[in-house]
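I have a structure I would like to understand better, so I am pasting it below and will then ask my questions one at a time.
Chain lettering (A, B, C and D) follows the sequence in which the chains are written, and residue indices restart at 1 in each chain.
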Amino acid sequence: MKRKLRMGMVGGGAGAFIGEVHRIAARMTGEIELAAGVFGTDREKSLACGRDCYVPEDRIYQDYQTMVAAEAALPGDRRIDFAVICTPNRWHFPIAQAFLANGFDVMCEKPVAMSSAEAEELRRLTVERRRIFGLMHNYTGFPMVKQARRLIADGELGQLRKINVEYSLGWLAAPNAGKQAAWRVDPAQAGISGCMADIGTHAENLINYVTGLRITELSAELATFVEGRRLDDDGSVLLRFDNGARGLIFASEVSTGEENNLILKIYGDRAALEWRAQTPEDLIIRSNDAPIRILRRGWPGSGAEAAAASRLPAGHPEGFLEAFANIYSAFAEAVRSRQPGDFPGIDAGVSEMKFLEAIVANHAGDRKWTAMR
Amino acid sequence: MKRKLRMGMVGGGAGAFIGEVHRIAARMTGEIELAAGVFGTDREKSLACGRDCYVPEDRIYQDYQTMVAAEAALPGDRRIDFAVICTPNRWHFPIAQAFLANGFDVMCEKPVAMSSAEAEELRRLTVERRRIFGLMHNYTGFPMVKQARRLIADGELGQLRKINVEYSLGWLAAPNAGKQAAWRVDPAQAGISGCMADIGTHAENLINYVTGLRITELSAELATFVEGRRLDDDGSVLLRFDNGARGLIFASEVSTGEENNLILKIYGDRAALEWRAQTPEDLIIRSNDAPIRILRRGWPGSGAEAAAASRLPAGHPEGFLEAFANIYSAFAEAVRSRQPGDFPGIDAGVSEMKFLEAIVANHAGDRKWTAMR
Amino acid sequence: MKRKLRMGMVGGGAGAFIGEVHRIAARMTGEIELAAGVFGTDREKSLACGRDCYVPEDRIYQDYQTMVAAEAALPGDRRIDFAVICTPNRWHFPIAQAFLANGFDVMCEKPVAMSSAEAEELRRLTVERRRIFGLMHNYTGFPMVKQARRLIADGELGQLRKINVEYSLGWLAAPNAGKQAAWRVDPAQAGISGCMADIGTHAENLINYVTGLRITELSAELATFVEGRRLDDDGSVLLRFDNGARGLIFASEVSTGEENNLILKIYGDRAALEWRAQTPEDLIIRSNDAPIRILRRGWPGSGAEAAAASRLPAGHPEGFLEAFANIYSAFAEAVRSRQPGDFPGIDAGVSEMKFLEAIVANHAGDRKWTAMR
Amino acid sequence: MKRKLRMGMVGGGAGAFIGEVHRIAARMTGEIELAAGVFGTDREKSLACGRDCYVPEDRIYQDYQTMVAAEAALPGDRRIDFAVICTPNRWHFPIAQAFLANGFDVMCEKPVAMSSAEAEELRRLTVERRRIFGLMHNYTGFPMVKQARRLIADGELGQLRKINVEYSLGWLAAPNAGKQAAWRVDPAQAGISGCMADIGTHAENLINYVTGLRITELSAELATFVEGRRLDDDGSVLLRFDNGARGLIFASEVSTGEENNLILKIYGDRAALEWRAQTPEDLIIRSNDAPIRILRRGWPGSGAEAAAASRLPAGHPEGFLEAFANIYSAFAEAVRSRQPGDFPGIDAGVSEMKFLEAIVANHAGDRKWTAMR
C-alpha cells in the first residue's frame, strides 16, 4: 500500500528562510513527511525547530554524519527515503556525498557545490549508486515556465535568436543585510561568486530548462558595489549559444528597491515570449503579425504540462510555494519510480558550476570571450 | 506535548475543486492532519479519495450521520478535533448542526446555509455549545487584505465614502459548465441565489472585514442571461452603509473571459485603496496630495498583521492557497486556545444570509431600497 | 485650391483647461486656423489670450453676440467656417443657437445644453439650417475605441450582455477645488447635475458610440459627499438596454487619488473587451476559449478605422490630444464635404440630456426604474 | 510684435514617418509655421507633400542647395528661421553644414552625422556662427524623463550604481521590412552601424540627459541575425561610467513582436527609478525602506520641469508627439532668445558618434574594453 515518503533535512533551522520553504512545499504535496533532521549547527535551535515540525526527538540529530549513520542503520520501513540539503553552499558537497554514498536520494539547494570538480564527483556518485538527485531550481516548477518550454519545443517561436534574463533584487544594497546575507558574500561559505552563485545560476538554469540551448561562450563583468565586500554583488554576462543565438544575463543584489524581479524574455524569428516571476501566471507571447497574447495558467492556450503542475482554477493565483512543491512532487515520483522526472538534477549542477567558473575566469582577464565547456 | 489537530471532512471528493484546496491549505499549516471523512455521496469515489489522502479505511465513512456518531464515540486522543464542510450549500446546515450538536468545532464553506434562519440557528448552537465556527471566506486571509483593514482602522483613508467591489468570472457564460456549475444554479442545492450566493457573498464579507462597516440598505438588480437557468448568474447591488458611505457590488458569472477577477476599491476623504485578488501582493494607495504608493507584502509599508500572514520574502509571490492556509492557521489556533481568532465566523454567516435575502427581496419588488437588518 | 478652415472660439481663455486643448487639437490637424474669438468674459484676459494665439486684434470680440454679427458680415473668404463653444454649460445653448441661426457650423463642448428641450431646439435648428454640429465627446476619437466599435459591429463579442463603465476622479474630494470646479457644481452654470453631467455623459456617449445600444430604463443613486455642495459629486446608474443587456455606470469626482480613470468593459456571450482611457493604446479581448489578446494601436489585429485615426507607429504612445484632434479632423472633413462624419453630433446631445433628466428624476423618487425615451 | 517662427524642412516627404511627426510637433507648439522645404528627392512627391502642408509653391525647392541659396536671398521677414533635417543619416552632415554656414539655425534628426569627425565639424561651425543646433532625441522631451533628471540632480537616488537601458523593437526581424527599414541597414546611407545608430543612440543620449554621467569605457557585442544584412540589427553594450557606475544598453530591432519598448532603470544606493516609453506618464521609484511610489505627470510628487513640459491634467495621457513638441518649444524659445535651452544639441551629437565608433571598434576586436573619449 502507498505510503508517504520520509524526508530528512540538513540545515534550514529557524532564521533560514529556505528551510521552511522546503518543509511547506514538501507538505503541500501530501506525499512527504518530515521524519528526521539536523536543523542547523546550534543544537538547541535544531531541537526546537525539529519539535516544532513534529519530528521525533530521537531523530533530531547532532550533525549530518550522525544522521547518515543512524538513518542508514534503521530498518527500511522507518529509514528516511531522501535527504534535503539546505545549508550554505560550502556544505552541499560533503553532505550530498555522504548521503549518496550511503544509498540515500538527495534533494539539494543550489548552487550544488563549490566547484565543477565537486559537482562532477556528485554526478559520478549519483550514477554509480543509481540515486535520484534533485537540484532545487524552483523557477522550473512554475506552470507557465513549463508552458514556455512547451511552446519552444513545439517551434512556436521559430529559430531562437535572443535570450535576455534579468534578476534584480536589492537586499544587499547596504553593507549589513543580516545573517542570511552574510554567508552569501563570504568566499569560505559561498564559493567563488556571490551574486552570480546566488541568483545568476537561476538564470542559467532557467534558460537551459526552457530552451534546451547550451551556452558556448560568455563575456562577463562582475561588480562589487559595497565597499569591503569580498564577492560580486552584481554582474552582467553576454552569452553565445550553441545554435547561434545570443543572450544576456544581468543579475544584481544591489538593485535598490527590487524584491525578486526575475524576468525572462526569449525572441525567436517567429514569435517571442516573456515571463516574470512576480506575475508568474502570465506568459506573454508577441509576434510581428498578431496581437499580443497572454497565456494564463489554467486557461485555454495553456497546455498539459502546465495543467499538471497546477492546483487551482485560473484566476486564483498560485505562486512560489506551488512551484517549489511541483519540484517536490516530481522528485517524490522519481524516488518512488526510480525514473528521472521533470526537475533539475545533477547535470544542471555541473552546468551551473561551469557557468560560474567561466564567469569568474572571464571577469579576471581582459579578453572578451571565454568558452564554457 | 503539542500534537497536530485532527480534521474530518464532509464533501470535497474527486472533481470538487474546493475540497482539495481545503486539504492542501490544511497541510500547509503543518498543524493539521486529515483523519476522517465522507468524500462525497458516491461510496467508491469517497473511498478512493480518502485512500489517496492517507485516511485510514475505517474512518472513511458512509455518510455524515455515521461519521458524527462514530467520531463522537472515539476516545479523545483519536477523535477528530473539527469537521470541514465542503458540500453544496444545501447540506451545510444539517451537517454543521450535527457536528456542533455533538461537540465538534466546524469549518464551513460559504454561504453558510440556505436562509438566515438556519444561520441564526447555527449561531445559537455555536454559542450554546461554545464551539469554534469558521466560515471559509478565504479572501480575508490575504496579507494585503489584512493590511488594508489595518490602514482603515488607523484612519489612513479618513472618513470612508465609497466602496466598490467587482467580482467577475465567466465560467457560467455558456449553458453547460460542468458538474460544479450545475448545483450552483439549482435552487434545491444552492438556495435562493446563484451568482450572489456564490461570489456576491465574498464581496459582502470582504467589505465587512476590511471596513467594519455594515450595510443598512441596498438596491439590487439580478439577471439571468443563460436561458432556462433558474437562478441569477449576474447582479449589481447599490449599497448604503451605516456611516453614510455608499457602495456598489457587481458580480457576474457570465463575464466571458474573466477568471476570478475580484477588485476592491475603497475611497475615503483622505486617501483610497485598491486591492485585486489576481495580483494580491499589491495594495495600491492613492491620494490627492501624494504620488501613488504600492504597498507590497513583505516590504516596508506593510505592517505586522500582513507579516504574520506571510510565509515568503517580498517578491516571491504568495497566492490563494497561502491565504486559505492563513484561515486554517488562525482557525487551528482558535481550536487549540478556545479563543476567537482572525477569521470569519458564524456572525459573518448570518450577515451573508441576510444580505442575500435582502437582495432577492429587493429585486422582486419595484421599490428602490430594501433595509438590511 | 485647398485652404485651412477658419475657426472662431467662444470661451476657453486662460485658466480654462479645455480651451487650450481645443486649440492644440485643431492645430494638430494642420487643417484649421484660429481666426477669431471671445476668450472669456474678462476683456483684458480675452485680448491677451487671443494675441497669444496670433488672432488678429480686430477679431478678438467683446462678446459672442458681437462676434456672430461681425463674422456674419465678413466676406466668405475671411469669415470663420465654424464656431467652437467651450464655455460653462449654461451658455452652450444660446451661443450655439446664435451661430447656427446665422449659418455657422458649430463644435460644442458637452453636455450640449441645460435640458433636453434646449438640445432638441438645437437639433431642429441644425437640421433646418443644414449645419454641421459636433459635440466634443473626445473619447470617441481614440483609435482603440474605434476598434472596439468595429469588433462589436462585426459580431466578435456575440450577443452583448453586460456593459460596465467606471469614471473615477478625485478632484472634487475637498470643498474647494478651484475655479474650474466651482461652476461645475453650481446649478446656475452647470444645470441639473454635477458629476453626471461632467463625466457621466462621457460614459453614456461612449456606450452608445461603441455598442450602438440605447438605454431603455435606468435606476440611479446620486450622492453629494462634500457638505454644502449643491449638485451630485458621485453617482451610480443601473442600466437596461434595448437588446436586453444590462449595464452599470459609476462615476465619481470624489474618488480621492484618481486622475481620470475611465474604464469600459463590455461582455458578450462570445467574448469581452476592456478599454482604459489611461492606457488607451490597448484593447483587451477575453474569451472563455482562448488566451487573452491585447490589440494594440498600429499593430496587426487593429483594423482600418483605428489606423485612420492614428498618426504614429505602434509603440510610440498617442493619447488624449490625438483623440481630440481626430474629432476635429472628422469635423473639418464634414464641414468641407457637408456630409456627416465619424464624430458625435446633436443626436448625441439630445441623448445625453435625456439621460441626465432620467437620472435626476429617478434619484428623486423611490421607484426603482425610470424609462429613458 | 510676436510672430510665428518660419521652419524649412529637408526630407520627410510622404512615406517617411518621421517627417510628419516633425510637422505635427511643430504645429502643436503654435509657434512655428512650415514655410519652405524639399520633401524628398522625387520632385513630384515633394511638391505634393508641400502643397498638402500649405507650403507656397515657390518655396517647395528642387534640392537643399537651391533652398539654402534661395532662402538666404529672401528678406528677413520672409526667410525661414531654421531648417529641419529629416533625411537618411548620410545627408545630415552636408545639409546641416550648408544651413549653418549660411546663418540658419538647425534642427537635425539623429544620429547627427556619419562620423565623429563630421559631428565635430558641425560643432565648430555652430560655435563659429553662433547658431542654435537641436538634435532630435525626443525621449528627453517627456515630462517624466525631466522629472527623473530632477530627482537624480537632487540626490534622491543617492550615488548612482547601475544604469540599464533596453530598447527592443521587432520591425527588422524579417529580411524585407520596407523602404524606411532599407536605408537603415545600408552602410552607404546609415553609416557604420544599423541598430545601434538607430536606437542605441537614443539610449546613450537618454542616459547622459538623465544622469549627467559620461561613459568612459564600453564592451560591445553586435549581431546581425538576418542573413545578408550588412549592418548590426541587435547589440548589447556593457558600460562603465565616470563615477564608477556600471551600465548596460541592449538594443534590438529583431525583437519579434516588440513595438518600441524603451525601458530605463537607474539604481542608486538610496533609491531607484524606472521609466518606460510606452507608459510614459509613470515614473516608478523604489527603495529598500519604503513602498513603491509611482510619480505621475501632473500629480503631486512631480515637479516644475515636468509641469512645464505638460499640456494636460493628470490622467489624460500625453505621449510621443507631446514630447516631440516639447523639444520644438524649447528649440523655438532658443531660436528667439539666442540662449541655449533644455534640448539635446551638437555636443550630444558628438557624443553619440563617439559612442558608435567605440562600439564598432570594440566589437571588431577581442579585447574586452574600449575607452570612449
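In this section, contacts are C-beta pairs under 8 Å (C-beta built on N, C-alpha and C of every residue); 3 or more make two chains touch, one makes a residue touch a chain.
Bear in mind that the values here come from a model prediction, so they are computed numbers and not experimental data.
Among the remaining chains, the Cα-based centre furthest from that of chain C is the centre of A. Across A-C and C-D, the chain pair carrying more C-beta contacts is C-D. In terms of their C-alpha centroids, the spacing between chain A and chain D amounts to 43 Å. Between chain A and chain C, the centres computed from C-alpha atoms are 55 Å apart. Spacing of chain C relative to chain D, judged by their CA centroids, is 35 angstrom.
Within chain C, residues 258, 285, 288, 292, 296, 299 each touch two or more of the remaining chains. Put simply, chain A touches chain D in their complex at residues 157, 161-162, 164, 166, 170-171, 173-174, 219, 221, 223, 225, 234, 236, 238, 246, 248, 250, 252, 254-258, 267-272, 285-288, 292, 365-369. Note for the complex: chain C touches chain A at residues 285, 288-296, 299-302. By the touch rule above, chain D contacts chain C in their complex via residues 2-4, 17, 20-21, 23-24, 27-28, 30, 51, 53-54, 169, 258-261, 277-281, 296, 298-299, 311-322.
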